[in-house]
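Per-chain numbering from 1; labels A, B, C and D assigned in written order.
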Amino acid sequence: MNFGVEQTKKWMQELNQRLQLQKAYLTELDQAIGDGDHGLNMARGFQEVVYKISIIDYKDVGSLFKDIGMVLLSKVGGASGPLYGTVFLKAANEVKGKESLETKDLAAAFTASLEGVKMRGKANLGDKTMVDVWEPVVAYLQGDQVDWDTFISLAKTNMENTEQLEAKKGRAAYLGKRSIGHLDPGAVSSFYFFAELAKVCKEVSQA
Amino acid sequence: MNFGVEQTKKWMQELNQRLQLQKAYLTELDQAIGDGDHGLNMARGFQEVVYKISIIDYKDVGSLFKDIGMVLLSKVGGASGPLYGTVFLKAANEVKGKESLETKDLAAAFTASLEGVKMRGKANLGDKTMVDVWEPVVAYLQGDQVDWDTFISLAKTNMENTEQLEAKKGRAAYLGKRSIGHLDPGAVSSFYFFAELAKVCKEVSQA
Amino acid sequence: MKKLINNPEEVVSEMLEGFVLAHPKQVKLVPNTSVIVRADSPIQGKVGLVSGGGSGHEPSHGGFVGTGMLDGAVAGEVFTSPTPDQVYEAIKAVDGGKGVLLIIKNYTGDVLNFEMAAELAEADGIKVAKVVVNDDVAVENSTYTTGRRGIAGTVFVHKIAGALAETGASLEEVEAVANKVIQNVRSMGMALTPCTIPAAGKPGFSIGDNEMEIGMGIHGEPGIERGEIKTADEVTSVLLKKVLDDLQPTQDEKVAVMINGLGATPLMELYILNKKVSDLLKERNIDVYETFVGEYMTSLEMAGCSITLLKLDNHLTELLDAKANTVAFKR
Amino acid sequence: MKKLINNPEEVVSEMLEGFVLAHPKQVKLVPNTSVIVRADSPIQGKVGLVSGGGSGHEPSHGGFVGTGMLDGAVAGEVFTSPTPDQVYEAIKAVDGGKGVLLIIKNYTGDVLNFEMAAELAEADGIKVAKVVVNDDVAVENSTYTTGRRGIAGTVFVHKIAGALAETGASLEEVEAVANKVIQNVRSMGMALTPCTIPAAGKPGFSIGDNEMEIGMGIHGEPGIERGEIKTADEVTSVLLKKVLDDLQPTQDEKVAVMINGLGATPLMELYILNKKVSDLLKERNIDVYETFVGEYMTSLEMAGCSITLLKLDNHLTELLDAKANTVAFKR
């Protein structure tokens, strides 16, 4: 595999496009069990990411990840801003100086990201947050063999499974049992995150 | 004719009933060119009048008129409160001590009322106020021969004519030309005032 | 009708009770009336200031009763002028021997009821003066009609006349400064949504989903233009232009600005309006001495605003600056 | 969506500009940020107080910046916690060498962003302490979840911690008194109508024509009970009971009361609620030291209210009484 600066930029563009398209949907999900801004937050942040990284020539993925993290941190706000910001800052640290990533590099990077997210947000598996997508997906990524279609369906299934969970962290936790029956917005945006990543990886692997 | 305390009470009861029924209508008229409270004001005031006069035995029409005026003054508010209050206070002065009124007494009483209303409100004929009903009706009452059905239709016609006038006094005056095309709420309540009076007078005359 | 009330017929009396219960150190209710006066009324040797009008404009006028502003406020039914007997009670309750100034908003009902009360008080030997506030430039001034309406600019009359009264000035002096404020204050408003008189149970008028009304009165009286909803900047330009055209401040003059919310408009929006007001006044080299943003003269839960300008000379400035301690206006 | 705005994406920046243009003697904007600080910041030798959160709650928090309350307020996008870099700018702008206290409402986003900012500032050598306000008893407290939300009670934290900071107290002392307020303050709210985030363009939820929601959060987070609209007295009883059950004041204790409007609720209705609050507290022999009625912590143009009680001892009373001079809170 050859996942470098160009691929990261492509990933960010595709992810941003999807988030812009799904802005209203994510916001509706957040209206049901939160405060209705998740779509706005994500769309605002990744729009800015795409703009910022498009005007800079990056030598390595690490510095690109770092910029993405900083943009998210300073543009998203809410709970998702520090969490997605942490994702990229921790990943950047892990792949510092690398011009191209292998699957195992991605695994190491996102393992660090997940740790960071859990440390900040103190959420565990089953708390109905983005962690419910992240944990199984990162575990699969750490395995020997990664099939990107399987990766996508794994993310999707776990995203869908958040519907039946009771929220224990984040704004939805205030709802208690009444949060059951709704998808977690951050799990859905995390699904987009991984699905768009996988599409780029699949292309690269096939090339 | 024999228009005494009993007839006045009857008149007030009938007028109050009509105002309660037309409360929403008067309020709608006032919403179009005023502030939407004329029906509420009149209904509140005359309800109180009927209550107050029902528990007192009056010897003469003058003291009854005076009480009605005081209740209206202290319960109606708005522009119509002082004006209808003045109507009865001025009339009371004119028929002081009388136990029964002839048509000429009513004429004298309401002539004083109209003067009072015009002095307070400074409205003239054609200014789209209650004066537009009062002035022709009082003039007719001052004549030699009073037919109560004619009296009612005169009040009605002049009430209806306010529709085409431009308001020069009262809250509707702020609308200028746009007040044209709407009935004046106070003219409508004045029509009720005279119509219910006429009904009682007609009964008395026939008896 | 969605309101936090108990009985539509009792809203005024319950509000007044809740008001004096909340602020017992500052105000009291004259027993069996709808009159709010300062807790220490009557103040001997000070001209008493009484204002009032229909309810539904809170914090006007009870919120402005206190040191440096009003001595008494008379509350009528919602949007209905109070009756003469109530105004008369207020006059008696605040008279400290130096006479009483009535500050009346220019509506036929208010004028008639306050006038009758003044006659009653004068018959008792109380000296009474009256001023009529007519700051609303939305409706044309014409000597043939009732004249202009009184709206948010009234609060500046309370503030400045109140400050002068506090110095021990005579009734004539307080009346004169009130009239000076009236001559120098202009306002204009607009509405996005209607409001509902509790006893009426439904909105007094309707405004289309995409519409607004320029020049709407604070009782929901129709304005001068119904049209598609415009941006905050456009609305500000329209309102401010009318105010400036009428007030005609010169370049070296300074003004006080009030951006008043009608009830349901978030402070956020009022501040957005103020940005444009500030820009436009800067363009014309008019010096803004002070800006007041908030709810001063409301119309129940109407969404909308009014913009007021007051031209200031040194005397008015000093009185505007003077200490005031009321429930809704402190400095 | 009926709003007096220009561009939904610019509401926060335009509001902040309009705010500092209105009150230049009291506040300034830290250039290129969404941070409001006192005009004379930083104040040497005084602990700096910083609060903030999503916008849409005006006058919170910018309206409480000034003598005796906050030093800085950070405004996020509407209903979205501000980002760490902005909070960090606020900390730097108000630090006068004695450290900075962050007053955070208990929402994951606010906590995370303020925490990260604190880490950045500490790395610069600035002493930072944090308190988290969680006064909303609508949502159950549970150690397994996020805990309770922070709502209008936060304003009492600003007031009392701000008063102590003004005396030159240490960061530890100011933090301790802030925590004392937090332990003694409880609130609960309800809503009659939804509100619309400008950038979302439509209401975040809907409430039936005949319905209300008890326990609604100030960002429109679902409450605990959706039901038919009740009278003001019934609503008050429900809210106050939950607050009292949790706070458990004893008969000889005194409290401060805040009746807070969420944006579109007329003052008239808030005072009607206060009448009942006052009656109910009297029944229980709880002594009301002072009552605050108005808009302190709003939710854009939502109609509804919250009721807050703060238990007072002598120290808290003294600090509550202390002078304050901010745009939205003066005494």
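One rule holds in what follows: a residue touches a chain if its C-beta (ideal position, glycine included) is under 8 Å from a C-beta of that chain, and two chains touch if they have at least 3 such contacts.
The structure displayed is predicted, hence computed values, not measured ones.
Asker: Under the document's definition of touching, what chains do chain B and chain D have as common neighbours?
Answerer: Looking at chain D and chain B together, the chains touching each of them are C.
Asker: Let me check something: if the centre of a chain is the mean of its CA atoms, which chain is farthest from chain D?
Answerer: B
Asker: So what's the Cα centroid distance for chain B and chain C, whole Å?
Answerer: Going by mean C-alpha positions, chain B sits 32 Å from chain C.
Asker: Compute the distance, rounded to whole Å, between the mean C-alpha positions of chain A and chain B.
Answerer: From the centre of chain A to the centre of chain B is 76 Å.
Asker: So what's the Cα centroid distance for chain C and chain D, whole Å?
Answerer: Here chain C and chain D have centroids separated by 29 Å.
Asker: Scan chain B for residues touching two or more other chains and write them down.
Answerer: Nothing qualifies.
Asker: Taking the touch rule as given, give the residues of chain D at its contact with chain A in the complex, in rising order.
Answerer: Touch list, chain D to chain A: 54, 76-86, 107-109, 112-113, 115-116, 139-140, 144-146, 149, 197, 199-200, 204-205, 217, 219-222.
Asker: Hey, which residues of chain B end up touching chain C in the complex?
Answerer: 27, 31-37, 40-41, 44, 73-83, 120-121, 167-171, 173-176, 178
Asker: Which of the residues in chain D come into contact with chain C in the complex?
Answerer: My answer: residues 2-6, 11, 14-19, 21-23, 55-56, 58-59, 63, 192-193, 209, 212, 229, 231-233, 235, 257, 259, 263-276, 278, 291-293, 295, 298, 300-301, 303-305, 330-331.
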